[in-house]
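Look for chain A in each of the two complexes below; its partner is chain B in the first and chain C in the second.
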Partner chain A sequence: MSRREPLQVKTSVQGSPLIEEGLEPIPTTSRLRGVAARTEGVANAVFIGPAIVVVLMFAIFPLIVSLYISMSRMSFVAGGIDIKFIGFDNYNKLLFGSQKTHLLGLSSDVPPLGWVLLAGAAGLLGWGLLRYIQAKYFSIGGLIGRGVATVIVLAGVWLLVQTTLQAPGRPGTLSITLIYVFAGITFQYFIGLGLALLLVQKLPGRRFFRVIFLIPMMITPVGVAYMFRMLTDFGKGPFTPIWKGFGLGNVSWVSDPWLARLAVIIGDVWQWTPFMFIVLLAGLEGLPVEPLEAAVVDGANRLQIFRYITWHALLPVSTTLILIRMIEAFKIVDLPNVLTNGGPGTATESLTLHSFIAWRTLDLGGSAAVAYLLLLVVTFLGTAYVNLIRHRAVEAL
Partner chain B sequence: MLRGLTRSKLRNKRNATGLLLLAIMCQLVLAACGDPTATTIPATTTAAPATTAAATTTTAAATTTVAATTTTAAATTTAVATTTAAPTAVPTTASLQFQGTEINILTFTGPQIAEPLQRRGPDFTKLTGAKVNIITVPFSDLYQKILIDASTKTNSYTGYVLAPQWMPDFVTPGYLEDLTARIKADKALQWDDVQAFFRDFSSSYQGKNYTIPLDGDFHVAYYRTDVLEKAGMKPPETWQDYLNIAKAFQGKDMGFGPGYGSCISKKRGAQAFWFIYDIAASMIQSQGTAQGTFFDQDTMKPLVNNEAFAAALDLYKETTKYGPPDELNLDVGDTRGLFDTGKCALSLDWGDIGTLALDPATSKVKDKVGTIILPGSDQVLDRATGKLVKCDTKTCPYATNGVNHAPFAAFGGWSGAVNAAAPSKAKDAAYAFLSYMNQPAQSNEDVTLGKTGFNPYRTSQFKNLDPWKKIGMSDTAAANYLGALANSLNSPNVVLDLRIPQNQKYQQVVLDTAIAQFLAGELTRDQTMKQINDGWEEITNEIGRDKQLASYKATLGVVK
Partner chain C sequence: MRKRLFAKNYSPFKPSPLAAALSYLALGFWALVVLFPIFWLVVTSFKTPIQVDTGPFYLPYIDFQPTLDSWHYILLGDLQNDTFRNYGNTIVVALTSSIIVLFMGSAAAYALVRFNYQPRYATIGLFIVCVGLSIVAVLNGVPWQLAIVAALVIFFLLWQTIGRRFKAALSNNDIAFWLISQRMLPPIATIIPIYVLFQQVGLLDTQIALIIAYIASNLPIVIWLMRDYFQNVPLELEEGAAIDGASRYRIFTSIVLPLSVPGLVATFLFVLVFAWNEYLLALFLSSAKAQTLPLIVAAQNATRGPQWWYMSVLILIMIIPVIIMAIALERFIARGLLVGAVKG
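Moving on, here comes the complex of A and B:
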């Protein structure tokens, strides 16, 4: 089986390796060469300079300013804006103060199902750690990192279990975002995989359907949201007769928290399945034929071929795909905003929408604080995911 | 053979890469076009200050839905604007004195409120030469749009049509032009004809005039006269009556298919958060306007953690049972549409339903609409104990039949203001335009048209029934409608809307969110009261309790 570079993530984002290469002094002996090297060094700086300035201006500087804003309170005074530094007050408000129920939700007693889920998650994570200890690439640093990640993930599961399962509990925007991300990506991935497997067959009309399946991705999210808002209207929408037939004429998706969340997830799945589909299709088309032929010769059935060959060969591309979608999915805002306006109550509010609504009400500090928390969560989950999955993916090949 | 295979593999790989690239490019393109800000935000979006831009680095900006085009009220715009009577009064003597001046007036995405401004803009241009641009943004964005535009000195707007409630936040930093002298000198305005409440509350702040009222805003209750008559029921006097009637008609056919007992806008992030105080105020405020509804006058503690507010929350939640299934997602435009299409037995609203119901293009309930003062309560809050007590001559001095009514001057009516930082010629033109809109020749017609969203605010508009008859209101209907509005306006127990600094945060953020969560079943009644209480206390403490208390008392000191 061919060994391919499993992940491009490491080097694709930053240009730093290139910069370092360029700045490396060229070993010289003569004076002339020294001058040449110096000019070359200056030339390097001159050529790279603009890029660095642009990066600083558009990426680093706003990041620092928004960090400062997240620690300040703004007010409007005669002649302008007054920005007052208040330290971690905004974060304190979000995590322990008046916004706590908004961000983290209300917790309730954990029902038996919750304990089962928690035990399951703990078992899985523990098993992963155990396997890591036995693995070839084991290192103490890696173990510590994984230990910390395990604890944080378990805390996340604990939060979800506490806030979502039983009546007085209510998920906050953090839990809701996590639900959107995990439910959405799971459905998107498996539906996308199914469609890709279907269209890789030599079926009539497959070219046509490839285009059709791509269309949802081409629509702007706001368009999708308005469309689903109409579709999910049981009173006036196009499906009204059907719902009435089922005796559901007086039910409304937008009045029940879980139904509203479901509506958002369905819209998200509809829109983003095509992305999964197109990339997985590309992955499938790129698979080498020899192992498949060999497997057929060895008498493997289709399920076995999928289980032992196709699935493994698709793992690297799946990993990248899920990472990209995950980072993207954490930023969901347009769908809940248009579809339900974050309602009923705050039932469908994602972290980004939480931040946006805070911003809209001129609570810039609070808004930036939410945004920073989101950044932390995404960075943590992204890194943890890459680290946990990388060796597994390499092993699979 | 081997070579051939490798090549085919390579080709496969290239294909795959091509597809991948295509997918990624699609994603990029989408990310670029998918940015939804362009959909409802107007073309003239002001440059956000660098600081706000920074705050949103991880916050994809998104459109707001307040301006949802699905409101049935929007249909009214399709009705051809009735040709306006030739404007008789010109604000100033010289004609075409503003030739070459351009004014930008910012208000909220209508169609109501923006409609009359847009319709009369060209007339004003003909009279004075000033070009009028009306710029609209969703209601939930209006407050911050004005603040950001003025505070960053962008000053892209010459004038605003805004909520008079926000004046403390705009006047203190000096964003609004003092109009006192202009109003005094303006004979065409007929200022004395404007009802005292609007002159004092909607137009003034700390003794000076900053706005020109264009709209008279009161919450009233509406009922279907034909339906109640047929069932032998009287219009509701108390909130319990309201519930009983709503319950009786929920799911019943009222002539236009199965309908709902009560339609109240309950959408979050829209204009719905006032309605809870329609109910709560009737139990909290009984000693006249100066008593106030929102805070304790000694400690500035919110009056939300008591039996009265609890009872109001219970009542409010029960109305949801007898309403449309998606009531929690309905804006006022939606409930107006439902009422006008004959789907609702009862509704709470500003004065708009009364006039919208007359429009044959959209209404099926012409002459079937009764208007009454907001229902009341026979129990009121004893502020010392936090308990509800029965109404008697001492506890409810203004009660009628033992029922305490507290009509809520929610919002206070859209009013026009002038940007203090605009060039003086533009300021004059903007003032002249607002004055023109307010003058009886224009406003007496506009307040009778449902699509304008303007409700009567001049004495002459209450007294002179001719314009009302002209649009097809029968004598009894006009008397009933104007009577209910006048009753509310003249009540000694009118509830003034909150008008302290940052009231937008108290109401549009804390109250709105908590009520929405309560209605969605995400918070229990007690949690809701605690959340509002804590949220309000937090803002009060941040700004300074003494400052807020002084300002609260000052707004209540407004003599009606």
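Moving on, here comes the complex of A and C:
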């Protein structure tokens, strides 16, 4: 309220002698002024109205309808649609029924490495919970939220170690999407940070590198997918002599599941590292210099400076960047669809592609159900990330 | 901190010659990683199908004879009509949607910074209930015009009676968070109803459908980035203009927007690139007339296998304008994104 009041008082000066004397510095045509004056009272609605309407019509409304579609059997018939409510059958099919191996994958015995990873994740999360219980800002609600989040994350890790580590196991589209997101973001962030740290130095010609490094972000993902399909072609791609030198002439990237997934991840990293790089570089250039100078005077070396000053100062930017990339990365579809057609089999299918393929085979209810599951995963991870990691990092500053 | 955004001397170390050499090595390596795929694209676009199929050739004139066949086919030959139709569609759709969304999003972002909104929980709840009711009614055979009118009437009645009794309300930050978090929505989760909606009103495969879809999907970005810019516009300037009798709209268009040009440029470029490159929504909403460039690129993967030579040409003509723009506006991009990223 405080910000609005001074303006309101002063706008009521309109039509006072001051203006009639012709002192108004910004002349407008009279008709426009009339409209403006008449709608001035509802200006707040005029400004935000269109955005709200668009979001309601093209996000919220479709979301509600989508929920209904995901619980029904729907088909296109002449002159319209035929829709029949069937409750949770579509979800049932995906989570426990005929589509289970497609979405969740095929599980196998968990090798020792899997148990180690699981124990590691459990230990880490348990330690986090323990620290929270001892912390000053402890609350029962917070504990419940963190407990639920811990259980869900552990279930995700359990799914991953069950399906990805040993031969009969096969990751489903959910695991594959998670792999894309986490592998992609890890590489993008660290490569981007490394490049930003290199380019913040006083090197001649750094503007050239900045501009070059920006380019991949601007290229359409479909184009990136085809470029990498050309490059990873073992027969006619540019690296063929190298593969042959290693005796790999007969292996094909797109027919081996893990190589195909790697190709998708490489394409994604190539395209989105620039985003991390450009923002981190701008962040580095915006940091205050005084702490650094003080540290140099005190005899800190480069590693110490990075560890104790730069890294901390970059945390808020870093966490936001990772959040943005996480949100966008979950929507990945162009790369796997064009690069590998989701194949071999369903080895590179992301959740969005899974949903799209269901749509193409006219299983509209199933398609909507997959999309809703994706929405649940994104919302859960996004919310957990914002509440548990990002707020802390931003407040710590 | 803001003021130092482009201080040039963050790193107090001038790298030693050895460190500089190593840095250049690493930077050069990444530059190679970035440029080689693009180089290969260019080279491939000058090859004949046979040259592509018989193995890798790297340098034109040295190990193969370049030809303009593919360029000719795409720009002047059989594919000419498709290429120019899709190119035109992409330009119209991307530019129109970006301009509209930039204006719409900026207005909303400005409103969220300068006005106070207090939507009540009760109103929102009632609204959602009415929307849900009308959807169920339509799906059960009630004509949609009737359902909308009925829902609106019920909403206003309940709003004016029950709704007024509950005072609990949301704040500006809640609205902003709600609008921005729409970016989290996977488009696949909303596209089926939108497809059906456009089908019913006969907008499928038109530029308008794509423009609307891109406005909806880019709106959160604009609001998120521009909100921080507007927070930095000095309030005194606006107050001064208000004293002089300028209306809200006048203040917005003559003072706030011109002061935020760097942010507007960065945001515009960002949403333009998103719309220019978008694939999934275009795949759903356009089939022939309104197809955009990514679709024609993907379509070159025909029954005879991917036609690398045509694809390369198409990808090149598609990315050249965006890359030129990006290089020209590189400084704006970094700054624009950073301001959003720091404040979240």
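Going forward, the second predicted complex is superposed on the first by the 332 of 397 C-alpha atoms of A that agree within 3 Å, B and C clash if a C-alpha of one lies under 4 Å from a C-alpha of the other, contacts with A are read in each partner's own complex, and residues count from 1 in each chain.
Keep this in mind: a residue touches a chain if its C-beta (ideal position, glycine included) is under 8 Å from a C-beta of that chain, and two chains touch if they have at least 3 such contacts.
Treat the numbers as computed from the prediction; the structure is a model and nothing was measured.
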Practice problem: In the overlay, answer first, second, both or neither for which of chain B and chain C A:G142 touches. | Solution: neither
Quiz item: Touching A:P111, do we find chain B (first), chain C (second), both, or neither?
Solution: neither
Exercise. Pick one for A:T220: touches chain B only (first), chain C only (second), both, or neither.
Key: both
Quiz item: Does chain B (first) or chain C (second) touch A:V65, or do both, or does neither?
Solution: both
Exercise. Please work out whether A:L374 is in contact with chain B alone, chain C alone, both, or neither, and reply first, second, both or neither.
Key: both
Quiz item: If you stack the two complexes on chain A, which partner ends up touching A:T361: first (chain B), second (chain C), both, or neither?
Solution: first
Quiz item: So, A:A282: does it touch chain B (first), chain C (second), both, or neither?
Solution: both
Quiz prompt | Which of chain B and chain C A:P168 touches, first, second, both or neither | solution = first
Quiz prompt | Partner chain in contact with A:V254 - chain B first, chain C second, else both or neither | solution = first
Quiz item: Who wins on chain A residues touched, chain B or chain C?
Solution: C
Practice problem: Would you please give the residues of chain A that touch chain B in one complex and also touch chain C in the other complex? | Solution: 61-63, 65-66, 69, 80-81, 83, 214, 217-218, 220-222, 229, 235, 275, 278-279, 281-283, 285-288, 331, 333-334, 338, 352, 355-356, 359, 364, 367-368, 371-372, 374-375
Quiz item: Tell me, which parts of chain A touch chain C in their complex?
Solution: 1, 3-4, 6-7, 10-11, 13-14, 18-19, 23-26, 28, 33, 36-37, 40, 43-44, 46-48, 50-52, 54-55, 57-66, 68-69, 80-81, 83, 191, 194-195, 198-203, 209-224, 226-231, 235-241, 270, 275, 278-279, 281-289, 292-293, 296, 302, 316-317, 320-321, 323-324, 327, 330-331, 333-334, 338, 351-352, 355-356, 359, 364, 367-368, 370-372, 374-375, 378-379, 382, 390, 394
Quiz item: What does chain B use to touch chain A in their complex?
Solution: 5, 9, 12-13, 15-17, 19-20, 22-23, 26-27, 30, 33-34, 36, 39, 49-65, 70, 140-141, 143-144, 147, 151-153, 169, 172-174, 251, 267-270, 324-329, 504-505, 508-509, 513, 516-524, 527, 531, 534-535, 538, 542
Self-check item: Footprint of chain A on chain C - complex, ascending
Solution: 1-2, 4-15, 19-20, 23-24, 26-27, 30-31, 33-38, 40-41, 44, 52-56, 58, 104-105, 107-108, 110-112, 114-117, 128, 131-132, 135-136, 139, 175, 179, 181-194, 196-197, 200, 212-213, 215-216, 219, 223, 235, 238-239, 241-250, 252, 254, 273, 276-277, 279-280, 283, 293-294, 297-298, 301, 306, 308, 311, 315, 318-319, 322-323, 326-327, 330, 333-335, 337-338, 340-342, 344
Quiz item: What does chain A use to touch chain B in their complex?
Solution: 61-63, 65-66, 69-70, 73-74, 76-81, 83, 93, 97-98, 101-102, 106, 168, 170, 214, 217-218, 220-222, 229, 233-235, 250-252, 254-255, 257, 275, 278-279, 281-283, 285-288, 290, 331, 333-334, 337-338, 340-347, 352-353, 355-357, 359-364, 367-368, 371-372, 374-375
